[in-house]
Amino acid sequence: MANRYPAPALADVPEDIRARILEVQDKAGFVPNVFLALARRPDEWRAFFAYHDALMLKETGSLTKGDREMIVTATSAANQCLYCVVAHGALLRIYEKKPLVADQVAVNYRKADIAPRQRAMLDFAMKVCLRSHEVEESDFDALHAHGFDDEDIWDIAAITAFFGLSNRMASFSNMMPNPEFYLMGRVPREKK
Amino acid sequence: MANRYPAPALADVPEDIRARILEVQDKAGFVPNVFLALARRPDEWRAFFAYHDALMLKETGSLTKGDREMIVTATSAANQCLYCVVAHGALLRIYEKKPLVADQVAVNYRKADIAPRQRAMLDFAMKVCLRSHEVEESDFDALHAHGFDDEDIWDIAAITAFFGLSNRMASFSNMMPNPEFYLMGRVPREKK
Amino acid sequence: MANRYPAPALADVPEDIRARILEVQDKAGFVPNVFLALARRPDEWRAFFAYHDALMLKETGSLTKGDREMIVTATSAANQCLYCVVAHGALLRIYEKKPLVADQVAVNYRKADIAPRQRAMLDFAMKVCLRSHEVEESDFDALHAHGFDDEDIWDIAAITAFFGLSNRMASFSNMMPNPEFYLMGRVPREKK
Amino acid sequence: MANRYPAPALADVPEDIRARILEVQDKAGFVPNVFLALARRPDEWRAFFAYHDALMLKETGSLTKGDREMIVTATSAANQCLYCVVAHGALLRIYEKKPLVADQVAVNYRKADIAPRQRAMLDFAMKVCLRSHEVEESDFDALHAHGFDDEDIWDIAAITAFFGLSNRMASFSNMMPNPEFYLMGRVPREKK
Amino acid sequence: MANRYPAPALADVPEDIRARILEVQDKAGFVPNVFLALARRPDEWRAFFAYHDALMLKETGSLTKGDREMIVTATSAANQCLYCVVAHGALLRIYEKKPLVADQVAVNYRKADIAPRQRAMLDFAMKVCLRSHEVEESDFDALHAHGFDDEDIWDIAAITAFFGLSNRMASFSNMMPNPEFYLMGRVPREKK
Amino acid sequence: MANRYPAPALADVPEDIRARILEVQDKAGFVPNVFLALARRPDEWRAFFAYHDALMLKETGSLTKGDREMIVTATSAANQCLYCVVAHGALLRIYEKKPLVADQVAVNYRKADIAPRQRAMLDFAMKVCLRSHEVEESDFDALHAHGFDDEDIWDIAAITAFFGLSNRMASFSNMMPNPEFYLMGRVPREKK
């Protein structure tokens, strides 16, 4: 089982993309497959990561980095996307500093050891993921009750929507998670 | 029933975004609501439209503009996204020059008056939309048999995935289609 | 894509059926396909239209003609019946004098520009359409709260049930809506 | 748990309806509840039974009376309609002269002791019942292979569609089967 | 349609199993097929019936024998298991002394003539049967309100879970109910 | 989030159960929660583990220990059972000597790095898990083609059915996997 579409060699991707990939490699110690897999279409790559960064790296709002990865992990599990569950589950463990949380959220978030506000956040994310046409004002109320404001809610919905795109791209093209992700955040980190 | 989030005034959006919006307005005669609704977050707006353009305006591959709007209309109907069915149904009618095709594709694409290769294209798009985790090699074979190559298949999947994002954003935020869309392509165009 | 079963010529149908068909043709300017498609079996035709008329032409109760066509449009969309969505969507636009309402109701009635009592009416109709075995007393209470009495509720259920029959007949036999329906009620009517 | 709507007294129903009811009572030994329950609306009653008779009493085509009741029992079970499963299960046992067949068909028709052509017939009926929008030419082919012609297929679809209406009316209004039905056809009939 | 796996002859099963089977035969007048069908694997047989007895013959708690068979009948119907609906429906009729209740519970338990506490019991059993991952504290509250304590709730869940196992074994292996079950409890018992 | 029902102290469980628990503890280094959680009901405990052992420890047939744990992991993921996915995923990694395989099988077994015969095995297990009423002879043929005989197929079905029971018990009672399981088989084992 390997990626259905050949990934370009790093040497062959446009300069701006290569720069970002090298930066990631430098930080993570490896190149997550999504970076090369999508690079075969530079314009889509650029839009994908611009969207990703706008949602996942933004510094305003009340969603922590852990919250965001939790949304990605839960909704990607609902979409049965192997790449995203494994890769973002790793980030979730790291940001939340909880080695067990990603498996819990992926299998059944209702049983996960998370805060009540995170549970409410995931209930909403799952609704946007699975039946967005039924979202209504009472869903906003439920989140307001946990301290999320309308901008936070937009963040939850947009992260869910964006990774729904990512899930479909990864699944249709057989994108496989790098082996490194599976263990990340499960054991104490060594130097690096 | 109105958009859940206030749209910015055109005067308040960044210059690059305003330029594009004015260009669209000039061409269409009105500003489609998605352009202003998303403009409240400029970075997301830029990524969204960069992605949109990379998929919908690309000039290679065998998918016609009508094919692409047909994918959007069918999968947005499956996601029950009012904005996208109405707006892209309008474009579908125009590009295909078939005033009836959008309603057919939206209600039940199996009954639509479309070519067999378009039917195969929509079968695949619906699978990516609704159960992308089950896509497998035989799905590629079915499309190859109709003359689609692997790049075309990527296009079908990516368009489906991107508008799955768009559908969720529009539904959660109550984005309403402009009244102008409902009639476009149904009656012979007058000057404009 | 054409009707799976040949429709009889108007000249070959029984006198009473022909009279009604000519009357409809006179009023509408064309013969809706359902009238000829079902006429190949006169006894079923007579029962079908007797049932139709008992529900759709009755003059008692609080359901307006627009309400009734709205029920038909919403539930036919849930059943993905092309004929009924297009034909009754046309009537809905005309009776409600709202050119946009049929597309809204067909794609996602929760987003449609309709009255709260119509929303409650459609919630109930959809439950009868999709999971009638779960209807219970609280569903009646919800409608009473909007001023519907038990006879109105019977009307909503019966219209939903009858068009569920109609949807299945149309879909299995590939009954196609007349082209005239697609545009009806979208543009100001000319004399006729 | 009783019928949600009061049934009229036999003395209060129109003459033509009463005559039919008395005829049924004379033959069956009791009045099946559907006859009185629907009689509160005479026009609907007349259309309902005219439709019923056109489909269930017709004397042409290859469907036996047992086949027809088998379709009703299987699809009514799919719709979880208590009245129709019990009442028509009774008729199925009687016409097929098989005391066990109705329970088998109602619980899981795939396990029922029925002929291969009946299995094919039920596969199609269930498709019309549950996802009529997906019916296509290959479904007709499968039935032709078992000797059903296009008129028989219309019969299967129409019976399924009509009892889908009946199921919804019975479930929403809490119509309860007469106690007599439960045992009919299970034990050898005595005089009567 | 016969059992997919040959059942051993009674003479060939281990002594302890034969003894139990003879005891059942003595009491019921026939050997229910499940006893011989599973006896081809003695260790599984012993575990199956030990589990069965621990749940169905236990003498503590507030669940009556009728309650337990009602849970089995309702959830086995949801799983479309012919063997268990027919066999345990028979026991349900006998224990509840209600000849009609099993068919009601099997077709649509919401319409059955049962006590409100039994309705609550079945609502919970169906949730454990169909979406156990969604069970939460409010489900326990609903049962407490009807007088069930936590041990009763364990019983309901365990009976549902055990017969979910039984349903899958019976369906996959085509286990057919003995003809005797179909009539049991429907007519007054004769001596025996 | 903790187990809904208090587990007994090891000192309080019957001797035979305690002996087995101590044996497991000795081998694994900890007591898996299921052993104590179920021990509050000794008869159910004994039946549960007798069944478990009959299926999981049997020494005949072509299913390897890895195959069996793979079935458990895949079907428990379909049932969203946190305890079983985590605990049996650990065993799967160990038996298959593949640190990545459990996460793959749990998220989307179609993408897992497993043998074609294992894929066929899981396709069947998932059908037994999710729609056992639809199993038919062609499902047996598909497994025969991969070298499974009828006894192997019984094993696959029985393991699926048994863990369906286990999944429901664990989910309804909030049984949480021991932290030790999450990491087992992911990193090279140290002495122990």
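The chains carry the letters A, B, C, D, E and F, assigned in the order they are written, with residues numbered from 1 in each.
Keep this in mind: a residue touches a chain if its C-beta (ideal position, glycine included) is under 8 Å from a C-beta of that chain, and two chains touch if they have at least 3 such contacts.
Fair warning: this is a prediction, and the values are worked out from it, not measured in the lab.
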Per the touch definition, the chains contacting both subunit B and subunit E are A, C, D, F
Note, CA centroid farthest from subunit A's centroid sits on chain D
For the C-alpha superposition of subunit D onto subunit F, the rotation angle in degrees, rounded to the nearest 5, equals 120
Subunit A and subunit E have mean C-alpha positions lying a whole-number Å distance apart equal to 45
Between the Cα centroids of subunit C and subunit D the separation in whole angstrom comes to 24
Note: subunit F sits from subunit C at a C-alpha centroid distance in Å of 52
Here the gap between subunit B and subunit C, centre to centre from mean Cα coordinates and rounded to Å, is 29
Multi-chain touching residues of subunit D, meaning two or more other chains, are 80-81, 108, 111, 133, 171
Residue positions on subunit B within touch of subunit D in the complex are 108, 110-111
Subunit E partner, complex, touching residues on subunit F are 4-5, 41, 43-44, 46-48, 50-51, 53-55, 58, 79-81, 128-129, 132-133, 135, 140, 150, 154, 157-158, 160-162, 164-169, 171-173
Per the touch rule, the subunit D residues reaching subunit B in their complex are 133-134, 136
Seen from subunit C, its contact residues with subunit B in the complex are 1, 77, 80-82, 85-86, 99-100, 103-104, 106-108, 111-113, 171, 174, 176, 179, 182-183, 186-187
